[in-house]
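The same chain A turns up in both complexes below, where it pairs with chain B and then with chain C.
Now for the complex of A and B:
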């Protein structure tokens, strides 16, 4: 008596994405029993792709994130979040004549501070009534007040505990802060 | 400089999961046809040696073949063969979070970024990893068949989910989300797919939006995930790395256009999202 032959091919990937399984089942008689056994063997794996899918289900690559959330206490994330939150303030945000930050000011502020990641110490970031985004560092040895306007420039005034002053007006955003200031506001070792 | 204040107005009850941004994962992927030969797979796996510094952890991806023969007498024989079909390289941040993954399979190379900063920076790094991997498929008879980008954004609702108002997160008139999502309680999903043209290329979009619960700092929190994949279908027989950058940029623009099309104006501002023409 001829046997029953069934053949199926599927690709699976385990949730941790460290291995993939192809199962090829060739069955002669008792196909249900064999399928049951095979199913047992591949428990905890999820179907990924099969060759006969319609074109709209063309294979998309498995994600890896598994619910990961970044550490919200990271200075880079906190700083960018604060700038973007300021970006949602409308004109009159201070219940007076406070101007909203321009889109360019938000971009400039982000671009400025990103150059200092990952070593920058956390500044206090506020919006001034004229729409300027203000970074303030109050450190044991330096107080630095730095403003970004949204016109491609920044200005600052800083004073050390020993009385040295740093002043700059309308520096281009391409221009880096002096090493003396970076030594105070970042955790990086400067030479 | 005028006096500053930290007064807050009109706070949103939804927030991007990472506060600074909503992106939990960006996947850049390239699919090849036909699948890699055994020798190319072997060469691709050896990319781990070159990238040891960037990716300290590696796991080979095995494919197991199970064979079950059931005899007429009731006896059964099993065969289980495992072969390497690719590799997954991982890098972690100082806090233990996954940062980057490079994964190869028998027909795909994908780079996963799980700590997104800015497109230019992230793509530049991903492109470097692709260049390293492409160095291992030189001489192969597999060619690029599609180039894809998958962007997963997630937003959290701060408050009682039953009180949530989806219009704070999404535009009610958006064509990408079914109307019932706005009126039938906090849990729903909406999955769709469509083709569109990307210059001369055909581009497949798949958009899966899910509202579900997530454990956030021990609290059951309503979480909305926007999972958008775009695949540009490539017909040419070419493996030239230079075609990647302009296509990935176009796919990224598609993703931004889609997000702008579904997110409320306030949330788009909150994540500093703007159309390519506004940058």
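Now for the complex of A and C:
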């Protein structure tokens, strides 16, 4: 239920979602969530009724129990998180001449992979020494090496188990992958 | 392209041209370069293949202390992605004999390997694409051809 709290001379009606967080804090005693609650209060949350559904509360509890804010089992969230982790690497990250991924490369990589959600199979995502963000699909019938450098394009080379090759030098990010490749790297049925 | 001919040595070379029967080494890290124990494509950067040179150590002339120190330094730089290290080893001629053919063109060597001695590592060699002007898709194909040679026989 919404509660009332005070800060300085102002009065706030705490929305039910905050009450839910409060409940979670009670359950988990996680200091991080206490900071989140404080942040919400400082953000001058407007009085507003939000239904505190049991499933919402359960989500908070499950996330808190796993020590995270989002469900890391989801391929889309894992993928984006991995790209952003790569974005934290700085020049010389390999103790040699390893280049950091450019901001544009991070942006392009996210945009590229978002177009394939929610059906894309999970790729291995790595940073190469030349700043390439690489997506690698190692599948029973296809191995696909695809990457972006932040120049607005992507390139790939793939080979099927039967020996068919797919190759592209500089496809625009607006250009979709061929259906033959999508049929391998997504769970979606393509016609 | 920065590469020189394979039968030439650079001015400050200590060990001369890289011979076909020499073994070449490359340090790899897990999980950065390996998935399920197999070396992955991003272990070979396209820029290395095209212009920068893919660094190798010549086994016959290598300095063990230098390689060990390099592993320590590189591991410290990125410990979460470098939880373990391994050294890949292949015969120079096995890389030199890989060929590639453009459509309707005769087969040509895919790679050249040259002496690239450095002041602090005279046993350094570099591998480049032998194909001038390849774009990224073509370079990706090249690295797929090199990858089998880098696979580890024994991992540390």
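Convention: the second predicted complex is superposed on the first by the 121 of 191 C-alpha atoms of A that agree within 3 Å, B and C clash if a C-alpha of one lies under 4 Å from a C-alpha of the other, contacts with A are read in each partner's own complex, and residues count from 1 in each chain.
FYI, a residue touches a chain if its C-beta (ideal position, glycine included) is under 8 Å from a C-beta of that chain, and two chains touch if they have at least 3 such contacts.
Everything numeric here is computed off the predicted structure, so don't read it as measured data.
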(request) Would you check which partner chain A:103 touches, where first means chain B only, second means chain C only, and both and neither mean what they say? (result) first
(message) After the superposition on A, what does A:94 contact: first (chain B), second (chain C), both or neither?
(response) both
(message) Just to be sure I read the superposition right, which of the two partners does A:78 touch: chain B = first, chain C = second, or both, or neither?
(response) first
(request) Could you say whether A:170 touches chain B, chain C, both of them, or neither, answering first, second, both or neither? (result) second
(request) Quick one: classify A:114 as touching chain B (first), chain C (second), both or neither. (result) first
(message) Residues of chain A touched by chain B versus by chain C: which partner has the larger set?
(response) B
(request) Return the residues of chain A at which the contacts from chain B and from chain C coincide. (result) 89, 93-95, 126-130, 132, 134, 136, 145, 147, 155
(request) Going by the contact rule at the top, pick out the chain B residues touching chain A in the complex. (result) 1-10, 12, 17-21, 24-25, 27, 29, 31, 59, 61-72, 74, 76, 85-86, 88, 95, 97-98, 101, 103, 105, 108, 110, 112, 114-115, 117-118, 146, 148, 150, 152, 193-195, 204, 206, 214-216, 227, 229, 231, 266, 269-272, 274, 278
(request) Please name which positions on chain C make contact with chain A in the complex. (result) 32, 35, 40-48, 52, 55, 70, 73-74, 76-78, 135-138, 140-141, 143-144
(request) Spell out the part of chain A that touches chain C in their complex, as residue ranges. (result) 89, 92-97, 124, 126-130, 132, 134, 136, 138, 143, 145, 147, 149, 155-157, 159, 165, 167-170
(request) Over in the complex, which chain A residues touch chain B? Could you list them? (result) 3, 11, 17-31, 33-34, 37-38, 41-42, 55-61, 63-65, 67-72, 74, 76-81, 83-85, 87-90, 93-95, 98, 103, 106-107, 110, 114, 126-130, 132, 134, 136, 145, 147, 155
